[in-house]
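What follows is a set of structures for review.
Two complexes, one shared chain (subunit A), two partners (subunit B, subunit C).
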Partner chain A sequence: MIFNSVEFFIFFSVFFVLYWFVSNRNLSFQNILLLIGSYIFYAWWDWRFLSLLIGSSLLNYYLGLGIWNSKTDKKKKGLLLIGLVQGLGGLVFFKYVNFFVDSFVSAFSFFNIDLNLHAMNLILPLGISFYTFRTVSYLLDIYKGKIEPSHNPIVFFSYVAFFPSLISGPIDRASTLIPQLEKNRNFDYDQAVDGCRQILWGLFKKFVVADNCGLITKLIFNDYHELPGSSLLLGAFYYTIQIYADFSGYSDMAIGFAKLLGFNITKNFDYPFFSQNIAGFWRKWHISLTTWLTDFVFTPLTIAFRDYGKVGLILAIIINFTTIGLWHGANWTFILFGFLHGCYYIPLIIRGTLSKKNKIADDKLLPSFSEFIYMSITFIVVMLTFIVFRSDTISQAVDYFARMFSSSFLSIPKLFNKTTTGFIIVLIAVEWLQRSKQHGLQITNISKPFMRKTLYFITILIIFIFGAFNNADFLYFKF
Partner chain B sequence: MQRLDILKEVNDIFIDVLDDESIVLSEQTTAADVDGWDSLTHIQLIVAIEKKFKLRFTSKDIQSWKDVKEMIDCIVTK
Partner chain C sequence: MLTFIKKILAFTSIGIVLYIACLFVLGLFVPPSILPNIKYKPGNYGYMYTRLNEADTASRVDILVLGASHAYRGIDPREFKKAGWNVFNLASSAQTPIQTEYLLGKYIDSFKPKLIVYEIAPTVFSNKGVESTLDIMANSDLNSEMFKMALKSRDLWVLNTFFYAIGKKLADGKKNIKDNAGDDEDAYISGGFVQKKSLENTSSLVFDDKQIEFLESQKDAFERILAVASRKNVQIILVQAPITSEYYRSIKNMNEINNYFLSRKANAYYNFNDFMSLDSKAFFYDHHHLNQNGVQYFNKALLDKIQPFLKKN
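Moving on to the complex of A and B:
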C-alpha cells in the first residue's frame, strides 16, 4: 500500500473520517485507532513480520521502564544491552548475515579454501532499519536521562509503528513524537491544508521527476558498456536527481500525511543541493538519519578520540560515514559510498572550517558567482559517489567511471530527455525560491487565493499529463 | 578554587577556543546562547578545560550537561 496508490487513498480517506469525526476527538480512541491503522498498513505489505514489529515494541516498552526504574548503573546497562542486542542484532541478522557469509566464502576461496557455507534465503522485513533506530534511540535517551519512558503502552506502540513514517522514515525521536501522542489533537484547518500541499509537492517530485529520471537511469546503468562517456555522465546526473526527488518526495508525503492527522514530524531534507560544501550537504540530506548517527556514533567517538586532535576527528568522521553507508545495506558499494563521503570532510577538518555555516541570504534572487561555483562543486562530488551507490558491485562502478572518463566524454550524449530535464530545472528553480519554507508549495508571497489555487491545479495537471505511472516503488523502501 | 574563579577560567577558555572576545558566561548560559558553541567546538572546549584543570571527564558527564552550571558542578566534584 504505497502512498501514491489508489488503495492507500481509500485507506487514508476512511481512516481520516474515523480519526477526526467518529472518534469525537477522544485521545485514547484516536491513539488506539492510530495503532490499529498502523498495523493494518504494515500487514498490507507483509503480515509475516507484523509479529516482529509488535514483539520488538513490547520488549522495548518494558526495557524502557526497567532502565528508568533501576537503582544501579550496572542493572541499567544490562537492560540497555538487551535492547541493543535485540534491535541491532535483528538488523544484523536480516540485513547483513548473507553479506558476511558471502564475503567470508569469497575471502577464503581466494586462498583456495572451500568453505561449505551457504547464504540463507532471508527476506528483509520492511521498515526494520527505520523502526529499529526509533527503539534504540528511545532506550539510549532514557539511559542518558534525557527523556522519561512512556507509561502508556498504546502511546509507545503507536510511536514505534506510526504509519506515515513507518516504512521509510523520517526517523522520529521519542522526544518529538511521544509528547504529541500524549496530548489532545484538534483538527487545524491550516495545518491540514499545508499537509495536502506538501503531499502534492511530494507527488510532483515522485511521479514527474523521480520516476521519469528512473526510466532513463535504468537504461543507462543497464547498458552502460554500450553508451558513450557523455551519456554515462548524464546517467549520473539523472540518478542523483532521481534519488533526491524520490526520497525527499516520499518524505514530503510522510510529513504531509502526518500533518493531516495533527502531527508535526521531523524534517528530513532541507534543500541539500544548495549547500556550498559537503558538511552543509549532510546537514540537509536525510537529516533524521544523520542527526541520529551524530548523537549515537559520531559524538561518542569524538569524545573517545578527543586527545588525538584533528586525526581523531578525521577517524571519527570516517567511521561515522562508513556506518551511514553500511546502514543502506550489505554491499561494498554502500560502504565505499560512505567512506568516500567521510574522506570528503578531510580538507574541511584540516582547515578547521567544519563548523562554519555558509548560508545564502533568503531574500536574494540569485546566488553570487562564488556561491554558485561552490554549490556546483558540491553537487558534482556528491554525484560521483552516487555512481558507486547505484552500481551493483565495486567493479561495475570502476568500469562505469573508466568508460565515463574516456574519449567519448565530450561527444553528444544519447538518451538526453528534454521534457525530464525541463522538469528538473522547474524543481530546482521552485525549491531555490522556496528555500526558506518547509516545502516547494508553501506559498506565502502570492496573496490572491485564485492565483494560488490555479498553481495547485496546474501542478495536479502536470502530474497527470507528464507523470510516469510505472508503479515504481520508492528507492528507500529496500533499505 | 571558588565557583566564581572557575567560571572566570572557563570563560577565558571559551574566548580562546571560540575566538570571540565578547563571550560573557553565567551559570545559566546554555549552548544556544553562545554563537559557535556546537557539538564539535564542545569537544575542543572539553579538551581545553581538562588540560587547564588537570582532570578527566567521563563520556556520560560530557553528554549530560544542560548549562554552564552543571559543567561547573562537575568540575567542582572532580
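Moving on to the complex of A and C:
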C-alpha cells in the first residue's frame, strides 16, 4: 500500500474518519488507532516483517527505560550497546551481509583463494533503514540525557511505526514526534488544508515529473552504450530531477498526511537545487538523514579528530558522507557517491567557507549572475555523482562517463522529451517562486478562494492527463 | 472539521464534473498525440474500424467468431464459405472476455448465429483488457454499455479516452478513417479476417517458462458470455488455435487451463495444439500467429470439428 494508490486512499479515508470522529478526540484512542493503522499499513506490504518491527519496538522501549533508570554508567553503556547491536546489527544483516560476503569473495579470488561463501537469499524489510535510525537515535538521545524515555508503550510504538513516515522517512527524532504523540491533538482546519495542498504538490512531483523522467532515464541508462554523449548527459539531468521529484514528492505526501492527522513532522527537503555550494546542498537535501548523521557520526568524529585541524575535519566529512552513501545500500556505487560528495567539501574547508550560509536572491525575483553561476555549478557537480548513484557497478559508471565525454557530447541528444522538460521547468519555476514557503502549493498569498481552487484543479488535471502511472513505486523504498 | 469534509466533498464533486467537461473540450480542440494519458487511435491496428463498420451492416451468419488476434488472423471466412457456411469474425487485438461480452451483447441479435466459435487464448485471461477497450472505443460509436465496460477496466487511460472520444467524435463528424495496414503487410478480408502477406517466421523461438494466472474479472465475464449464448440458444464452441510448439511448451500450467475450459458449460472445447503439429517455421509468421498456409490447415481441421454442430440446426 503506497501513498499514490487507490488502496491507500480508501485506507486513509476510513482512518481519517475514525481518527477524528469515532475517537472523539480521546488521545489514548487516537494513539491506539494510529498504532493499529500503522501496523496494517506495514503488514499490507509483507505481514511477516511486522514481527520484526514490533520486536524492535518492544526491545527499544525497555532499553530506553533501562538506560534512563540505570544508576551506573557501565550498565547504561551495556544497555545502549544491546540496542545498537540489535538495531544496526539487523540493518547490517538484512542490508549489507550479502555485500560483505560478495566483496570478501571477490577480494580473495583476486589472490586465487576460493572462500566458498555464498550470498544469502534475503528480502530487505521495507523501511528498515528509516525505523532503525529512529530507534537508535532514541536510545542515543536518552543515553546522552537529551530526552526522557517514553513511559507509555503505545506512544513509543506509535513513534517507531508512525505510518506517514514509516517507509521512506522523514526520519523523525523522538524529541520532535513523541511530544506530539503525548499531547491532545485538535483538528486544525488550516493545517489540514495545507496538508492536502502538500499532498497534491507531492503527487505532481511524483507522477508528472519523476515518473515521466523515469521513463526516459530507464531507456538511457539501459542502452547507454548505444547512445551519443549528449543523450547520456540528458540522462544524468533527467535522473537528477527524477530522484529529487520522487523523494521530495514522497516527503511532501508524508508531511501532508501527517498534517491531516494533526502532526508537524520534520521537513526533508528545502529546495536543494537553489544552493550555491555543496554544503548548502546537503543542508537542504534529505535533511532528516543528514542531521541524524551530523549528530551521531560527524560531530563525534570532529571531536575525535579535533587535534588534526583541517585534515581532521576533511577526514570526518569524508567518513560522514561515505556513511551517507553506504546507508543507501550495499553497493560500491553508493559508497563512491558518498565519498565524492565528501571530497566536494575539501575546497570549502580549505577556504574556510564551510559554515557560510548564503541566502539566495533575498526577496528578489531573480538571482544575480554570480548566484546563478554558483547554483548551476552545484547542480552540475551533484548531477555527475548521480550517474554513479544510478549505475549498477562502478565500471558501468566509468564507462558511462567515458561515453558521455566523448566526441558525440556536442551532438543533438536523442530521447529529449519536450513535455517532460516543460514540466521540469514548471517545477523549478514554482519552487523558485515559493522558496520561502514550505512547499510549492502553499499559496496562502492568493486571497481569492476561487483562484486557489482553480490552481488546485489545474494541478489535478495535469496529473491525470500528463502523469505517468506505470511506475508507482518510490525510488527510496529500496533504501 | 465538518466544514473541512464538506468542502473536500464539494471540491471533489465539482472537480469530477469539471474534469469530464475538460476532457470533452480537449476532444473538440486538442489532438490526442500531445495528451499522453489519452489513447485515442482510430484505425490503429487490426482493422477494427473496418470490421465494426462491416458488422454494423452485416446480417445473419452461420458462425460468429470471437476472440483476440489468434482468431481474426487465424479463422478465414473464405475457407468456410467453400463449405457453404457464412462466417463473421468479430475478434480484435488482445480482446479479453470483458470486451467479448460487450461485442457479443451488441451484435448477437443482428447476426443471429447458429454457432459461436470462441477462440480463448489463455493469455488474454490474464490481461485487464485496456488495449482492446481502447481499440473498440476509438473505432465504434460510444454508448452506455461501453461506458460500463470502461468503468470495469478501472483504468485511467480508458476513462480519460472515453470522455475525450465524445468530444473528438463530435469534432471529427463522419470523417472517413483508414485502417493501418501494418507496412502493407496486412490485408482486410471481408468477414473480419486479416491476412498477413508474409509467410516467413523470423522471430526467436526461445521462451522462458511461464504460468498464466487468470483474472477473476475475466473469468466472470467469460461465464456471462457462456450464459448469453445459452440464453439465446446459440451453441458455443471453445477453441485454442495453434501456436508454435516452443511457445506452447513454455506455458507450464496448460493442463490446469485445459481442465478449466473443459469444465465450463460450452458445447465443446478443442485445443488444437494437442492434436495438430504444425512446423514453427513453415506455418507461422511469428511465435503465436499462423501464416496463411497455417490458417488453411487449421481452418480445415476446425471445420471438421464444427460441422456436426452446424448440421444439428
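One rule holds for everything that comes next: the second predicted complex is superposed on the first by the 476 of 479 C-alpha atoms of A that agree within 3 Å, B and C clash if a C-alpha of one lies under 4 Å from a C-alpha of the other, contacts with A are read in each partner's own complex, and residues count from 1 in each chain.
Rule of thumb we're sticking to: a contact is a pair of C-beta atoms (placed from the backbone, for glycine too) under 8 Å apart; a residue touches a chain by one contact, two chains touch by 3 or more.
Remember, it's a predicted structure, so these values are computed and weren't measured experimentally.
Contacts of A:S370 after superposition: neither subunit B nor subunit C is touched.
In the superposed model, A:T294 makes contact with subunit B only, not with subunit C. Touch criterion met: A:S355 reaches subunit B, while subunit C stays clear of it.
With both structures placed on the common chain, the touch criterion links A:F464 to subunit C but leaves subunit B unconnected.
When both complexes are overlaid on chain A, the residue A:R306 reaches subunit B alone and has no touch with subunit C. In the superposition on chain A, A:F187 makes contact with subunit C only, not with subunit B.
Of the two partner chains, neither subunit B nor subunit C is touched by A:S407. Number of subunit A residues touched is higher for C, counting subunit B against subunit C. In the overlay built on the shared chain, the residue A:K453 is in contact with subunit C alone; subunit B does not reach it. Put simply, subunit C touches subunit A in their complex at residues 1, 3-4, 8, 11, 15, 18-19, 22, 26, 34-38, 156, 160. The touching residues of subunit B, counted against subunit A in their complex, run 36, 38-41, 43, 46-47, 59-60, 62-64.
Across the complex, subunit A meets subunit B through its residues 144-145, 294, 298-300, 302-304, 306-307, 313, 354-355. Taken in their complex, subunit A has these residues touching subunit C: 20-21, 187, 189, 192-193, 196, 419, 453, 456-457, 460-461, 464-469.
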